[in-house]
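Once you scroll down, you'll see the structures, which are given as structure tokens.
First chain A sits with chain B, and in the next complex the same chain sits with chain C.
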Partner chain A sequence: MPFTPKKHGFNASVNEVTLGTGDKAVTFGGESTFPFYSFDAEAKHRPIIGAEISDLGYDDETEGYKAFFGAADVVERAKKAAAMDEVAFICLHFAAADPFGANKSTEDCIAEAKAVADAIDKPLVIMGCKNIDKDTELFTKISEALAGKNITVMSAREESYKAIGASAGLAYGQKVSAESAVDINLAKQLNVLLMQLGVSPKSMIMNLGSAAAGYGYEYVVSTMDRVRAAALGQNDTQLQMPTITPVSTETWVVKESIAEEADLPDWGPREERGIDMEVTTAAASLAAGSDAVILKHPESIRTIYAMIDSLC
Partner chain B sequence: MAKFITIGERIHCISPTIRKAMDEKDPAPILKRAKEQIDAGATYLDVNIGPAESNGPELMTWAVKLLQENFDNVPLAFDTANMKAIEAGIQVYNRAKGKPIVNSADAGDRIEYLDLAAANDAICVALCSKAGVPSDNDERMSYMMELLERGMGLGMDPLDMWFDPLFLVIKGMQDKQMDVLEFIRQIAEQGLNSTGGLSNNSNGMPKHIRPIMDSAMVAMAMMCGLTSAIVNPCDLRLMETIKSCDIIKNNNLYADSYLEI
Partner chain C sequence: MALKGLDIFKLTPKKNCKECGSPTCMAFAMKVAQGAVPITKCPHMGQDVIDQLSEATAPPMKTIEVGTGDSAHKLGGETVLFRHEKTFVSKNLFASTICSCMDDAEIDAVLANIKKVDYDRIGERMYSEMLYVNYAEAKGADAYLNLVKKVAGLEQVLILGVKDPEVAKAAVELCKEKKPILNGADASNYEAMCNIAKEAGVVLGVSGKDLSEIHDTVAAIEKLGNKNLVIDVTAETAKETFANAVQLRRSAITDGDRTCGYPSIVNVAKLAGGNTHLQTAYAAMFVLKYGSIIVLDQLTYAQALPLCGLRQNIFTDPQKPMRVSPGIYPMNGADENSPCAITVDFALTYFVVSGELERSGVPVNFLITDAGGYSVLTAWAAGKLSAGSIAKFITEEVQDKVKSRKLILPGKVAVLKGELEAKLPDWEIIVGTTEAIELVNYMRNNFK
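After this line comes the complex of A and B, so read on.
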């Protein structure tokens, strides 16, 4: 008897969310199956890749990275990354804004965000420095300065969702990413709170938290998996936002990616290791249900794009 | 598992306010009661227009349009002795938020309500009784089988028959309560859906007692597998109990705000 596969459809789907404006605006989400289950139903949109451009640490980047980008200038790097077909959006990372670090001023960050937004036609995602107060100020003011650009700020957290939701989400009509730290109940709670504030679920994205593969990463997979199961299986409208996962910020800081070959000759070239960590983590995140991943190294971006391309 | 479905019972022509509003086609009192129930978390609204012998179809059409136009196509249960009124209501019913419910058929005089539901691709509340209260669960089961066979013979999805075990009044039939719960378990074991007029159990009890007894009953019934109930959604204690049971049963993912959503 021939094998007849039984399709497992859901009467629910992940929300579709559009980032950016104009010809290069990108819509993602919309799935009604588990990740890459194209045998159950065709995915409306493929997962997408964002390129992280950080304003800090260019000198410490790998040779391959520097060879691709050529110079430290943030705007020039954003342009080069945006020119890659594999890249759907640019994630401008203001790591230098940290008041306990380089403490770059909010005004300088705004000016840089504007310069990048003017230089590229792909959607822009703004990533902060993880300092709640500084990030809240950055997101609010950059949202105002780039009103109408449909940017995304990442991320609104439990401590900051009110100010960021009210400014970026409500006043300036930008997209808000809700960040929780690998905690499914908190992820839902944060979405509920943002929605109670009046932010439309169509303006929301989730950052469920991440880790580098091998660093407690199984919790990330389990969380993403259960979020997708609740979104589809229970038609839980509070968890149907598409998921965006910052990968590069996790993987390029662990010892596998920073230890020099001179110190650990057995481990081989640092750049290869870093790319491997980034690719492995990104592939696992996509397989667990991320609708978008943020990567840094051009080689990782190309590799993950090829994976998505062959599975979709 | 799907979340527990509540059918709000407060649009009922036994209420003088609603009766008057239906007689005079006055939308305000009906919209007010609908809003209260939806805000309190009702999934479906029951629309009971009574026997409505003279103007049933016209009245039901008016009520369906009124409620669905004002409340984003809220799903409805049609509750009247006038079958033509149910048909007329379904004609203008928008299914965007769920199939209509025919309330209700039994294995006796009201068995044709099942035919009506089948012909109109509706859900049907199916009372496991014929004439009066079934004496035991064997009797309930035989009526349930009768209804199930008839419905399936008419092409209905078995999950569209929501079997009603008949909740019984505790003051008078206290010794039968565990039978009702056991029967709910039997329905659930067959993978079928169930519903019922939950507050029957607390009939005749003081007003302040009823929410407590109804909450205890719904929790025990959900443990046995009850999938839906016809309730007063404005009973906060009851709704909080249902939402909490949905969490414990893993029908809904926990978040600190679960009672507010």
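After this line comes the complex of A and C, so read on.
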């Protein structure tokens, strides 16, 4: 007798959200199964990949990265990354804006964001410097400057959701990513707060928090597992936003990716370690339920695209 | 299928003799059904009934043992699909691959890599636990048997990838004492392969062209009395392979189909061809979703570092936090005159804080004190991290080894400063940052 495994489909689904405008706008989310469970139901959209372009640290990048991009200029790098078929959106990372670091001015950041937005036709995602006050100012003003572009601002957090939700989400019609710290209850609470503010769930995505593989990654997996189970199994509309996970910003700062071969000859070339760490973390994020991952190295981007392509 | 309490009750003597420790046979049956007591507690059960019930009350997924001595490993035995529901019990094992189609230099390179990539991470040994030995028909049986002979003495558990029963029999003879896996049964040869595996007492790997064929073959082998199996779920494509792995595990655990309840082998080397980064990506996915044995071309250092770290995270028991050993960890070339920074022994705290300290580039003696494996605030609230415990640690373990008398305290326990100053009068107690992420700037600004 032929064996037919039972299907475990759901009647609920993750929200569909569209980033960007024009021909290269991308819609993601929409799944009604656990990630890549195409045997339960075909997914409406594939998970997507964003390329992180940071305004800091080009000199410390690996040889392969520099060989691909050729120059430190942010706009040029954004154009090169956007030209990759595997890349669905560009994540412009204002690491230099940190007031305790390079303290790049908000005006300079706005000018750079505009220049990048003008140079590419793919959707733009803005990532801050993790300083809440500076980020709030950046997200608000860049949202204003790029009104109508349907950009996404990463990280409306518990401390900043009001200002960012009101400006980016309500006044300028951009997409808002709600960032919480690997806990389903915190994620839900922040979504509720943003919705109470009047931000439409269709304008929201979630960053459930991230970590590099080996660095408490079990919390990330379990949070994503539980969020997807609640979104589909209980039709919890407060957890049905698609999930975006910054991977490169977590993986390229851990020892495995920064230790020089000269110091640890057994470990081999740094670039290989960095790529494998980025690829491992991204693959695990996707398998746990990320709808979008943000990566940095072109080889990681190609690899993860090939993986997604082979599973959909 | 799992039995209900009432079904078990029908098989009891119904004498209410209380010899099992339960007040009535009914109460006993209910406890057995929940898995609270073993059926053998009842002294009046016949052997045939015990056999029948042990089978029916067995866990949904079998635990399969491979290897011997220090190289013995358990596979399977999982009871949940998601780690937050309970815990995963048998971590995935990684296998490197050799083949009789390779020349000696290639084989030696794989073996040398296995020796090299072998290290400790938070008290757990990380290495390629298994070695997949693939049979290339074109090279003949002798080449394969010589290869098996060459590696039979290694501590790695061998997986013999061979479908020809004659070659399989000879290969198993060479290494059966070390409990390898014979991965070669399919719909065409399962009777012969089953006999070889049974006689030699080794685990048999079963494969098939699709799930239905795999299921039929496993059922047929079970009928021959062999349940010491693993299922090779590797298909032509990654999509099918993933579907096989997930559906078998789910059918066993959620739908109670015991024929699906065996550990899996996933050959990501086959799926990704020579693309090592793609192998890494697939391996990471199968660490999460139901690969019991993950076969790679080889487990390089670059792959092992993230993959073994991921595995360690996923298979950690949510009730037992991972801990690092208390002690002094000099960072960035710190010596006895470098300042000290202290935190707790919770592995995640250690990793996050040590990463940031390292990035700061400032020499510092990183001190880990015993706090029961809790995070800073939890340990403080539970009384495991106090001025008393820190002072004791500094006096007994640190004072004689370090000349600096500067101690940086986690910002979250700034409240301990006064009491510590009283207990450690020689020391300057400095309140550090609340979040690890602020450490880089803090260290550079204050201690460079």
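Please note the rule applied: the second predicted complex is superposed on the first by the 312 of 312 C-alpha atoms of A that agree within 3 Å, B and C clash if a C-alpha of one lies under 4 Å from a C-alpha of the other, contacts with A are read in each partner's own complex, and residues count from 1 in each chain.
In this text, a contact is a pair of C-beta atoms (placed from the backbone, for glycine too) under 8 Å apart; a residue touches a chain by one contact, two chains touch by 3 or more.
Here the structure is a predicted model, which means the values were calculated and not measured.
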Q. Just chain B (first), just chain C (second), both, or neither: which does A:140 touch?
A. neither
**Q.** Broader residue contact with chain A after superposition on the shared chain, chain B or chain C
**A.** C
Q.
According to the stated criteria, A:222 is in contact with first (chain B), second (chain C), both, or neither; which is it?
A. second
Q) Does chain B (first) or chain C (second) touch A:238, or do both, or does neither? A) first
Q: May I ask you to decide whether A:193 touches chain B, chain C, both, or neither, giving the answer as first, second, both or neither?
A: first
Q. Can A:185 be said to touch chain B (first), chain C (second), both, or neither?
A. first
Q) Between chain B (first) and chain C (second), which, if any, makes contact with A:207: first, second, both or neither? A) neither
Q) Does the superposition put A:310 against chain B (first), chain C (second), both, or neither? A) second
Q: In the overlay, answer first, second, both or neither for which of chain B and chain C A:167 touches.
A: neither
Q: Indicate the residue numbers of chain A shared between its chain B interface and its chain C interface, in ascending order.
A: 226
Q. Where on chain B does chain A make contact in their complex?
A. 2-3, 251-257, 260-261
Q | Sites on chain A touched by chain C in the complex | A | 2-6, 8, 36-39, 100-101, 130, 212-218, 221-222, 225-226, 229, 251, 253-256, 258, 266-269, 272-273, 275-277, 279-284, 286-288, 299-300, 303-304, 306-307, 310-312
Q: Going by the contact rule at the top, pick out the chain C residues touching chain A in the complex.
A: 82-84, 116, 121, 211-212, 214-216, 237-239, 242-243, 246-248, 250-251, 254-255, 259, 271, 275, 277-278, 280-285, 287-289, 300-303, 305-310, 312-314, 316, 318, 347-348, 351-352, 354-355, 358-359, 437-438, 441
**Q.** Touch list for chain A against partner chain B, complex
**A.** 184-186, 188-189, 192-193, 196, 226, 230, 234, 236, 238-239
